[in-house]
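Reviewing the structure listed below.
Each chain carries a letter (A, B, C and D) given by its place in the written order, and its residues are counted from 1.
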Amino acid sequence: MDDKVVIAKRVALELRSGNLVNLGIGLPTTVARYLPAGVVVHFQSENGIIGMQPVPEAGLANEFLTDAGGGPIGAVAGAAAFDSCMSFGLIRGKHLDVTVLGGLQVDELGQLANWMVPGKMVPGMGGAMDLVSGARRVIVAMTHTAKGAPKVLKRCNLPLTSVRRVDLLVTEMAVIEPTGAGLVLKEVAPGVTVEQVVAATEAALIVPDQVPVMAITE
Amino acid sequence: MDDKVVIAKRVALELRSGNLVNLGIGLPTTVARYLPAGVVVHFQSENGIIGMQPVPEAGLANEFLTDAGGGPIGAVAGAAAFDSCMSFGLIRGKHLDVTVLGGLQVDELGQLANWMVPGKMVPGMGGAMDLVSGARRVIVAMTHTAKGAPKVLKRCNLPLTSVRRVDLLVTEMAVIEPTGAGLVLKEVAPGVTVEQVVAATEAALIVPDQVPVMAITE
Amino acid sequence: MSKAVNVTKAVELIPDGASLLVGGFLGVGSPHRILAELVRQGRKDLTVIANDTARPGVGIGLLIDAKLVRKLIVTHIGTNPETQRQMIAGETEVELAPQGTLAERIRAGGFGLGGVLTPTGVGTVVAEGKQTVEVDGETFLLEKPIKADFALIACWRADYNGNLDYSLTARNFNPVMAPAGAVVIAEPTEIVPVGAIAPDDVVTPHVLVDHIIEKGMSNGR
Amino acid sequence: MSKAVNVTKAVELIPDGASLLVGGFLGVGSPHRILAELVRQGRKDLTVIANDTARPGVGIGLLIDAKLVRKLIVTHIGTNPETQRQMIAGETEVELAPQGTLAERIRAGGFGLGGVLTPTGVGTVVAEGKQTVEVDGETFLLEKPIKADFALIACWRADYNGNLDYSLTARNFNPVMAPAGAVVIAEPTEIVPVGAIAPDDVVTPHVLVDHIIEKGMSNGR
């Protein structure tokens, strides 16, 4: 299974029926494809809609109906459109149950850096800072390493997205839960050992006696 | 002419076509009856509409269409309804051209007290504090005296509605403009002398050589 | 899943001592059936945050008549002599707030803002005991956010998922209050199928609404 | 009195050096004909406040391509490599703001609030040089209001008086920006008679709008 599919499938298991969910651009967007049967969530796109569908249905595509990446989307029956203040009021006001975001780095404090590499890549934070500060539950979906270098670090050396501790980190190797005591290794991916995860991680990991394998299927 | 009609007619002369105008409950509401021919203004009611008409047209009366006093109103073609945040955003944000409010006292600083008499009458400020702080132009419409006692004072002894200097005071005796130098007597009512106004006023008045008579008609 | 529930069940969720945001302006746009049911069930020691207390026998006035309210945060009580009597007699605690400030405080509570910086009330009795903040040489009052255990709101149409829209001046505080209630109960004039309210007409998105009252009658009176 | 005006006349009102609030999200809901006309007339030294700069050749990207912008306040420039190039080369000053914060700052500007107290950005580089305010033991950033000489917005329908409503995700920053522009120019997809937009469907009341662009074409592209 492709690394990104592993991540998306595992993140999808975190979503519960009725949740209001915001998926970041890129890998997080693909989570919608892997929702378990029977789980119905509401997807928010921060440019102003609840009830987006990832792929337009015939007749629903429209130049005025797009996702936060600018791509065409559809809308479910009962969708709601609104302005940017309402959109981020929902986010900042703790009405968003889950946000799934990509990451550049996560550290032992559970802090996320995902919006800039000084001098190299300065896309801007868009909605990421509000999402990480405001969502009830923040899930980071990112590859465990970049070109062999660990992305789960003792301390982020890139500018933080928020000082808030994220709730869960899902990579192609592991599920890690940041806690007040540190990063707890909760699960490993199929075919990956605890030792491999520890070796690919700069941060200290708290490793329980039993580390189950992610319950994802082909 | 009834005192209150004098006041309403004179205030009506202050309104310009295109103005967004908020009329307070009571005497100020009657100003709408005396708009000069050809002057078309937009009336806001702070409970959430622009385009109110003071008297409902047949077929427009509705339990969900009322003014800030709770009475039934009508709506012109092109009316706009909105929530309380928008309504007071318009007021606080200087989008309201004119507010006309009743008064208990006005003083030499041009400050208005109109929302409570401690220990006797505590209706609450409703929208008055926002209106006086936020409107581009604040016109106070009140009787010059109450049971013979002056209401235009050196200093208000009732709690202020705002520290902002109001723009104009219209009574059944006079038109007074508060300025940085003090209260300037701009006009007297038909049949009223400057001496009578000065005698009925506790505050010092700046009296120009010529004080014209209000240009109101029967 | 339908959020429709009958008014008796909905009001049973509200305990004595609860704080309630209640929509409406002089009773217009208030959840009349919920308010009447609160009286019928005799819920007491309530904190009510609303624009006003309408009149005796009407809207929030029903709660005042029945002496169910311990504390009020309102902008105006001039239309309800019984509220004024209870305040002066010390039976009900009344905190008065400017209307625009109250609306923004509730919005701030629901939208996760730390407070409101407003010029309204600076230098008046409203400013007493409150922090002021200077921004570029201008002084603003810091008014604190308001949230409540429940938001009890009225709307025109609701769909079964809880999307709401409003009619004319019955809108007033209702959409502002929805985000600020931990539990939101909406009383619609009518309930329509999901999808019958176009996305652009939804003023309060369904995710903010927990329960909608069945069998809405026009204004509930 | 009709507020309709042709796009050439409307853009002639905008001087070099003007500050512009520009609606849209990656070009969706941007006033495309106004932006193209700004380029045609060669307006320069502009300050642009917007969510993003779309892509080269699209929406605000047109102003970037033509190097008409001196300063940008935006949330994201990742979709426009030319904006990034100009920023790194020091040709264009770029101030980055979190999206929810930018929206609230503009709203505060238009609604007469002294600023925004937000938890977003506390402890990050966004907080550098900014005042923080404690409210009940929590720390918030004080973000300042934003106003501009012009708000250039797009909408779906306008009536001739200037009442506006919006379509789906093309709404975004447009209604938030209308109150914050000293002069507001709206580019509708279609202009309808006064009264054709029901009062409850008006999102931006006409009193906020100064000019509407005639002969709207779908999205102006």
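In this text, contacts are C-beta pairs under 8 Å (C-beta built on N, C-alpha and C of every residue); 3 or more make two chains touch, one makes a residue touch a chain.
Here the structure is a predicted model, which is why all the values come from computation and not from measurement.
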A-D or B-D - the one linked by more C-beta pairs in contact: A-D
Identity of the chain that, by mean CA position, is farthest from subunit B: A
Rounded Å distance, subunit B centre to subunit D centre (Cα mean): 35
Computed distance of Cα centres, subunit D from subunit A, in Å: 29
Centre-of-Cα separation between subunit D and subunit C, whole angstrom: 32
Centre distance in Å when subunit A and subunit B are each reduced to the mean of their C-alpha atoms: 55
In subunit C, residues with contacts to at least two other chains: 104, 107, 112-113, 118-119, 166-168, 171, 199-200
Sequence positions of subunit A contacting 2 or more other chains: 49, 75, 81-82, 85, 88-89, 91-92, 134
Chain contact topology (line, ring, star, complete or other): other
Chain pairs that touch, as defined at the top of this document: A-C, A-D, B-C, B-D, C-D
In the complex with subunit D, residue positions of subunit B that touch it: 18, 20, 42, 49-51, 75, 77-82, 85-86, 88-95, 134
Residues on subunit C engaged by subunit D in the complex (per definition of touch): 104, 108, 112-119, 133, 135-136, 138, 140, 142, 144-145, 165-168, 171, 199-201
Contacting residues of subunit B [partner subunit C, same complex]: 45-49, 62-70, 75, 81-85, 87-89, 91-92, 122-130, 133-134, 159-163
List of subunit D residues in touch with subunit B within their complex: 1, 107, 110-113, 159, 161, 163, 179, 194-195, 197, 199-200, 202, 205-208
Subunit C residues within the subunit B interface of the complex: 25-29, 51-52, 54, 74-79, 84, 87-88, 96, 98-104, 107, 118-126, 156, 166-176, 203, 218-219
